[in-house]
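Structure first, then comments.
The first chain written gets the first letter, and so on, giving A, B and C; residue counts start at 1 in each chain.
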Amino acid sequence: MTFRRKLLAVFSLTVFLSVAGVALLVLTVTRNAFEKTENERTAALVAQFQREFNRRGEDVARRVESIAASDAVTRMATALSGTPADSAEYFDLARTLAESYQLDFLELLDGHGIIISSAQSPAKFGYPDNAFDSLAGLTEQSAFLKLEDLQDSTALGLFAVRAVRSGDHPVYVIGGRRLDKNFLASLDLPPDMRALLYQNRGEHFSPEWLLDAGSGTSRPAEKLSGLVDAVRRYDQEMTGIVNWSGDQADQEVFHAIPLRGVGKDRPLLAILLIGNSRRQYVELKRRIRDAALLAGGGGIVLAILLSSWAAARVTRPVEQLAYAAQDVAAGNWNSSVEVSGHDEVAQLAESFNRMTTELLAQKERLVQAERVAAWRELARRLAHELKNPLFPLQLTVENLIRARTQSPELFDEIFQESSRTLLAEISNLKGIIGRFSEFSKMPQPQIQRVEVNEVVSRVVQLFQAQLKAPGRSAIACKVELDPSVEPIGADSELLHRAISNLVLNAMDAMPNGGTLTLGTRRDDRKVTITVSDTGTGLTREECARIFTPYYTSKQHGTGLGLAIVQSVVSDHGGRISVQSEPGRGTTFVIELPNNMEALRAALSNAERNATETPDIRRNVAAQSASVDRR
Amino acid sequence: MKHIAWQWLAISSVLIAALAASAETRPQYGGTLHVSMLDAPLSLDPADRATPDSFGRRSLTELIFETLVSVDKSGRATPVLADSWQTRGGRRWQFRIRHNVWFHDGSPLTAESVAASLRFANPAWNVTADRDSVIVESDLAEQNLLADLALSRNAIAKRDSDKLSGTGPFHIVDWQPGKELALGAEENCWRGRPFLDGIEIEMGRGFHDQMTALQLGKADLIEVAPEQTRRVSQQGQVLVSSAPMELLALVFGQDGSSPDEKSLREALGWSVERGSMRDVLLQGTGQATGSILPGWMSGYGFVFPTTADLARARSLRDQTHVSANWKLGYDGSDPMNRLLAERISLNARDAGLSLQPTSGGNADLRLMRIPLASTDPWSALQIALAEIGLPPMESKGHSIEDLYAAETAVLATGRVIPLFHLPVSYASVSNLKNWSLRPDGSWNLGDAWLESARP
Amino acid sequence: MSAVSGSYNLGIPNAISNSVSGVPGTARPACSGMPVLVLVLVSIWILATPAAAVDWSVPEQQLARKIVAVTGSGPMALQFENRSSIGRRDSEIIENGLHSTLETMGVRFSEAEHASSSVTITLSENLTSYVWVAQITKPGAETAVAMVSIPRPAWTGSALDSVPLSLRKTLLWSQVSPILDVAVLEENATPTRIAVLDPEKISVYRSQNGRWLEEQSAGIVHANSWPRDLRGRLVAARDHLEAYLPGIVCHSGGSLNLSCNETDDPWPLLAAGLSGNAPVFASVGSSGVASSGIAPEQAFFSSARNFFNGTLTPAIRNVSPGKFYSAAAIAHDKSVLWLFAGVDGQVHFFDGGPERIVHLSWGSDVTSVRTSCGAGWQVLADRAGDDVSDSLRAYEFPDRDPVAVSAPVDFPGPISALWTEARGDTTVAVAKNTETGSYEAYRVAVACNQ
C-alpha cells in the first residue's frame, strides 16, 4: 500500500466515522423531538376534534332552540293549546323546519309525547315517541346522543330537546343531526386526521357498523376490532396503533372515545375513533434519514476527494523522491526531484538532489579511474600477450641470422624450420588480435523464443567428448533441468556462447577432474541457470573482479570469457552472480527474465517486415502463436 | 233615505272607478296557454293501450280528439260527434254522425272513418258504417256502451300511417313524446275556433316543479297534488278539483291462496287507519273508502266500513297459523306514496303484520292509484278491475243491487283493499278564464281564454 | 218522453221525437232509462211532475219487501239516515212511508235491545239515481244489504223571481242550449209570447195557462261553423223577426219562414226605441216617446269572432271606437254620449270631443235604456269578474263620469248577452247558470221608486 493510500484511508476513515456519528446523533435527537411533537400534535388534534364535536352538539342545540322559538312552532303551540286541537296541518312542519334549519332529525311532540310531526319518519304522526319519558327532562341540557328508530333501521344522532310552552300543554321540539358519514365528513379536521364511528350494536365487532367518512378506503375494518372491543370492555378512552400494512407509513394512531346516550344506565351507543395517520411523521422521519445519509455519503465522498487531493499534495514530493531514488537505484544517477516550498520534504528533496549530484560526480571520477586502470590492464595484457609470441619470433629471426652466418649449409633446414615457427607465432598473434576484436564486436541479442533447457542440453552435448577426452582427468557432468521452465525471449546463440564459456571456465578450474553440474530452475518470471564445478574455487577478491574484462586467474586466459558472459546476460536484462569458496568449487548463477515484452516487440517487428516477405511472416506467425500460448 | 243611498252610490262608484281590475265577461281570443303535467305519455293515440290511463292523458286526448258522445255531470250521455242515436234490443246501436265536421287534416268526418277508429280501439266490437250512421254491435250491456263511447280511449281519430288527426278544438303542432306537446287552435273546428291560439304542454313535471312554474308565471295551468289542495286554496290560488275519482288502493299480486292468507289480508284491511291518513297525510283531501267505486258514483259506498278495527285485525291474525311478511310496493315518483306506504306499514305492525315498504319492483302487494275511467259505475268498475288485474265481472242484471253484488264479490277475492278516493286538482293563473273539468277529471280548455290576450 | 227504451237522443227518422215543453224547471230531458220497466215508468212520472210531489210509494214497497225477505216479521229496530239531496220534507215522507209499508207487511218495531234484527235505512244517491240502502243486522249473521234505486230528476228549476230594487230582473226563459237573445213579442202584464234565438234555430213560444208551448220553430241554416263564443241579436220588427249572427242574417216572413243569408251586413247597434222609431209588432204597442236625436246606428260584427270590428254605419263624426264588444248611447245635453266596451278591456267614451278611455271595472256588456226615472237615460253594464256569477248595474252621467245609480242585481252566472228591447226602456240579459249549466234569459227593468 502506498503512502498516499494509507494517508487517504486514514483520512476517509476519520471523516466517515465523524459523519456517521453526527448523523446518528442527529437522527436520534430529531426522532425523539418529532416523537414528542407528534404526540403533542395528536393530543391537540384529539382535543380539537372533541371541541369540534361539542361545537356540533351546541350547534344542534342552538338550532333546536331557534326552531322552538320560531314563529311556526310558536303558532303551532298556541293553536294546539286551544280546543279542538287539530294537529293535521302541522304534519309537514317538521320536515320543512328540518330542511330550513338543516337538521336530519326533527320531531314535534305534544305534551303527552305524541308525535305531531316528524321529519325522519313522517308517517309516524299520532304515535307516541318511545323515548319521551327520558327526553322530557332534558329540555335545558345541551346535546346528547340518541338512537333514533327509522322505518326499517335505527340511526345514531346528536340530539337536543327544547320545550315550547303555550298554555298548559307544552310542545316538545326534538331535533338532531345524524352521526353518519356526512357528519363525519363535515367535521373540520386536519388533513391526516379522520374520524370513524363505530355504532355499538351486537355482541361482537362487525365492520358493517363502522362508519367511515372517507370514501374508497379498502382497509380491513377488522383491524380496529381489538381497540373497539377493549373500549367496550373497559369502557374508557383508549389509544392504539393500527398497522394497516407492512409499511410503517400506513400506521394510524387511533383514539377511541366511548359515546354514551341518555337515560338511567347511559348505554354505550357508539365509539368514536379518531385516527391520526403516522404517514406524515414516518415520511418526515424518512426524509431526515435520507437527508442525513445523503449528506453523510456526500461528505464522505467529498472528504475522500479532498483527502486524496491533500494526500496527493503531501505525498507527491515524497513520491518524486521515491521515484528518483528508484532511478538512482536503477543506475540513472542523473535523476533529480523538483523542489517546491521550504518544508521538510523540500529540504529532503534538496538533499537528495545534492546527493545524486555528488554521486554522479563520484561515479564520473570512478569511471575515469577504472577506464585508466582498464587501459593499463589492457596495455599490460596486450604487452604480455604480444610479448609471448614476439619473443620466439625474435629468437627465430636471430637464429636464422646466426644460421646464415654460422652454418649456411644448415640454413635451408633451419630456414624452413624457422619459417614454420614464425608462421605459427604469427598465427598465434592473429588469434590474440582476433579475440580482442571479437570482444569489441559483441553483437546485440536477437530476441527469439528460446527453450533454455534445450540450450543447456546442447552445450552439455557439445562438451561431452572434451570432458572425457583422454589425456586429462575425467570430469563428470550432471544436468539438473527443471521441466517447468518455460521458453523465454533470448538470443539462443549468445546464450549458448555464454554457457559454453562458463563450461570451459569450469573445465579449466578442474584440471584434476571433478564434477560439472548444470541446472535450470523456474523462478517466478525468471529462469535461473546454474553452472557449478568442484574446482579450485575463487577468492573473494577474485570473485569481485572476475567479470572485469581482461581479468583472468588463469595462466593462459585472455580474461574476456566471463566478461563476454556478463555482457550477454546483461544484454538479456539478466543478472549473473558467482558463489565460490576456494578449494570447494565455484557456482555461476545466471538469472534471466522471460523477456515477454521484448519478445512480443520483436515478433511485431518481424510481422511488419513479414508483409514484404511471406515466409518470414509465416514464421513469425508461428512464433506469435506459440508466444500467445504461454 | 234616498239622499243617503245616493251618497253611498256616489262613493261606491268612485271606488269602482279607482279599482284597476281589468276583466271582461266576454271571452277574448288569442294567447298561448302553458300547461304542466306529471304524466308523460309516449303516445297521443287515444286507443294506445301501452300508455297507461291517466287524467293528464285524457286531457290531452280531449284537446285533440272527440268522442261520439260525452257524459255530463249528471251522468247523462250527450251528443258530440254523434248527433243522435238509438238502440234496439240493447246490443245493436245506431249512431248518426254529425255533418260538417272535419278532421284536422281537412278530410270530413264520415261514418266510415268513425267505424274504422272504433274498430281500431275495440277489436272485439262489431262496428259497421251505414250511410251517415255507425252501427255498433257489442257484448257490452246497453248502458255501458254509451259510457264506454264517452271514454277518451274511444275518441275518434284518423290514423294515417304515423299521423294522427282528430276533430277536437286543437291540432298537433309539435309533439315530442313524453316531453312536450304544442297544440294550435283549429280554425275549422265544428264547435268554433277555440279562443286560445295555442297550448304548450310540458310533461313529466313533478308537483313541486309545477307549483314553482305557476308561481314564476311559467305555467298557466298545473296539477296539484291532493295533499296540497288545502294549502293552495288557502293561498288564494284558483283551484279546481274534480269529484274524488282516483282510487288509491292496496292491490295484491295474486289471489289469496289459503283461508289463512285471506284472513291476514282481511286483518290488513282492518288495521289501516284511513281517517288519520286522510286528515294528516292527505290534508283532508279525498274520501276514505272501503269500496272500489266512490259513494257519489255508486250511492252505497258508505256500506263498506273505513274505520280501523285493530282488535278485529289482531284476532284475525291470531286465528291464522302463518305469519304475514309482505313487501309493499309503491311508486316512488310521488313522495306521498312513500308516506302512505310507511303509514300503512306502521298500522300493519300494530296489528302484528309485517309489511315492508319498497319502491322496488318485487312486491307482494302494491299501493296503486287507479284513475276511474268513467262516471258510469259499471264502466268505471269494469275498467278498474282490468287495471287491478282481475277478470271482468259477470253480472246477471244491471240494477244497483247487481252492481253492489259485483263489487262485493271483487272485494271478497282479497285482491284489493280500497283506501281512498282522491279528487284530481288543478291550479291556474287568475287570468285563465272559463276553463272547467269534465266529469272524467280532464280539462276542458275548448272554451277557455286568457284575459291578458288581445284579439 | 220517448217510448223507445234506452234511446236518448233524437234525429234518427224512426225514433219518436221528443217535443220540448218549454216550462222552466222541467225543460231538461231525462237521462238514459233503466231496463226495469217499473223504474222507467217511475222516472217518466218523476220527470213529468215537480219534485215536491213525487210519489215514493213504489220504491218504498220494493225496499220494504227486500228488507222483510231478510228479516222476516220479527221485531225490528229501524233507523233512518238521509245522506242524499232529498229535502227534509221528502225524507220524512219517505221515512213514514217505509215505516207504514213495513208495518203493513207485518213488521213490528221495537227498541234495539229487544229486536231480532236491526235495520238502518240510508237515503243516498249517485249521479243518476237516488239509492236507498238498508243494512240489516241479525245477531250471529253477516250484515245483509238491500237497496233500490230511483232515477233522480235532473234539476229543479228556480221559480220566477222578482227583485224589487232599482233594477228588476224577471226570468223570461231558460233552456239547456245557449240562448243568444230573446225578444218579447206579446205581453199582457207579463210576456205571453216570446221568440228565442239559439245557435240553431229561432223558436216562438206562447204561454197558455201558465205553461209555455212551442208555437213555431225555424232552423238557422249556416254552412260554416259558428265561432266558439257565439253572439247573436234578435230584433222584433213590425211584422217579422230579424236575427243577426256572425256572418249570417236571417229574416222571417210573417209565419216565421226563415230565410238566412251569408252576409256581413251590419247589426243594429241600438234598440229602435232609443232612436225614437216605433217598434213593430202591433201588440207590443208604441213607446210613445219622442225622438231622442240618436241616429239608428249599425255596426259590422266580425264573422268569426265575438266582437264588432269597429266600423259604424253611418259613420259618426269623431267616433272611432276600434274593436268593441258592445255599445251604448245616451242623449246628453243635446249631444250624444257614445260608450264602447272595447276588446282592450277599457271603456271608450265619445261625446263630440276627443275620445276618452276610462278603465272601469265593467264587463264587456253595456247597453243603454231610456226611462222615466232619474236623468231619463241610464247605462246598464255588467261587472268584470269571475266565471261564476255576474251582476248588472245602472249608471248615469251627471257629469262626464259614470255614477252608479242602482245597487247591482246579481245573476247566477256570467252574462252572455245584453240587448235593449225594442221599446228602449228594458233590456234582455242572458246568463249561464253555473249551478245548473242552463242558460237563462231575464228582462231587466229600471224601477223608479225603490
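The rule we apply is simple: a contact is a pair of C-beta atoms (placed from the backbone, for glycine too) under 8 Å apart; a residue touches a chain by one contact, two chains touch by 3 or more.
Note that the coordinates shown come from a computational prediction; the quantities given were computed from them, not determined experimentally.
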item: Chain contact topology (line, ring, star, complete or other); value: line
item: Per Cα centroids, the chain farthest from chain A; value: C
item: Distance between chain centroids, defined by C-alpha means - chain A, chain B (Å); value: 94
item: Chain A-chain C separation of Cα centroids, rounded to whole Å; value: 120
item: Chain B and chain C: spacing of chain centres that average the CA atoms, whole Å; value: 30
item: Per-residue overlap in chain A, given as positions that touch at least 2 other chains; value: none
item: Residues of chain A touching chain B in the complex; value: 86-89, 91, 121-127, 151-152
item: Residues on chain B engaged by chain C in the complex (per definition of touch); value: 2, 5, 9-10, 12-13, 16-17, 19-29, 72-77, 79, 82-87, 90, 94, 96, 100, 133, 142-143, 146, 169, 187-195, 295-300, 302-303, 375, 377, 397-401, 404, 433-434, 446-447, 449, 451, 454-455
item: In the complex, chain C residues that touch chain B; value: 4, 6-12, 14-15, 30-32, 34-36, 83, 122, 124-131, 133, 135, 145-149, 152, 154-155, 223, 225-230, 304-307, 323, 325, 341, 343-345, 358-361, 363-365, 382-385, 387, 390, 395, 401-407, 414-416, 437, 450
item: Complex contacts: residues of chain B adjacent to chain A; value: 230, 276, 279-281, 283-284, 339-340, 342-343, 345-346, 356-357
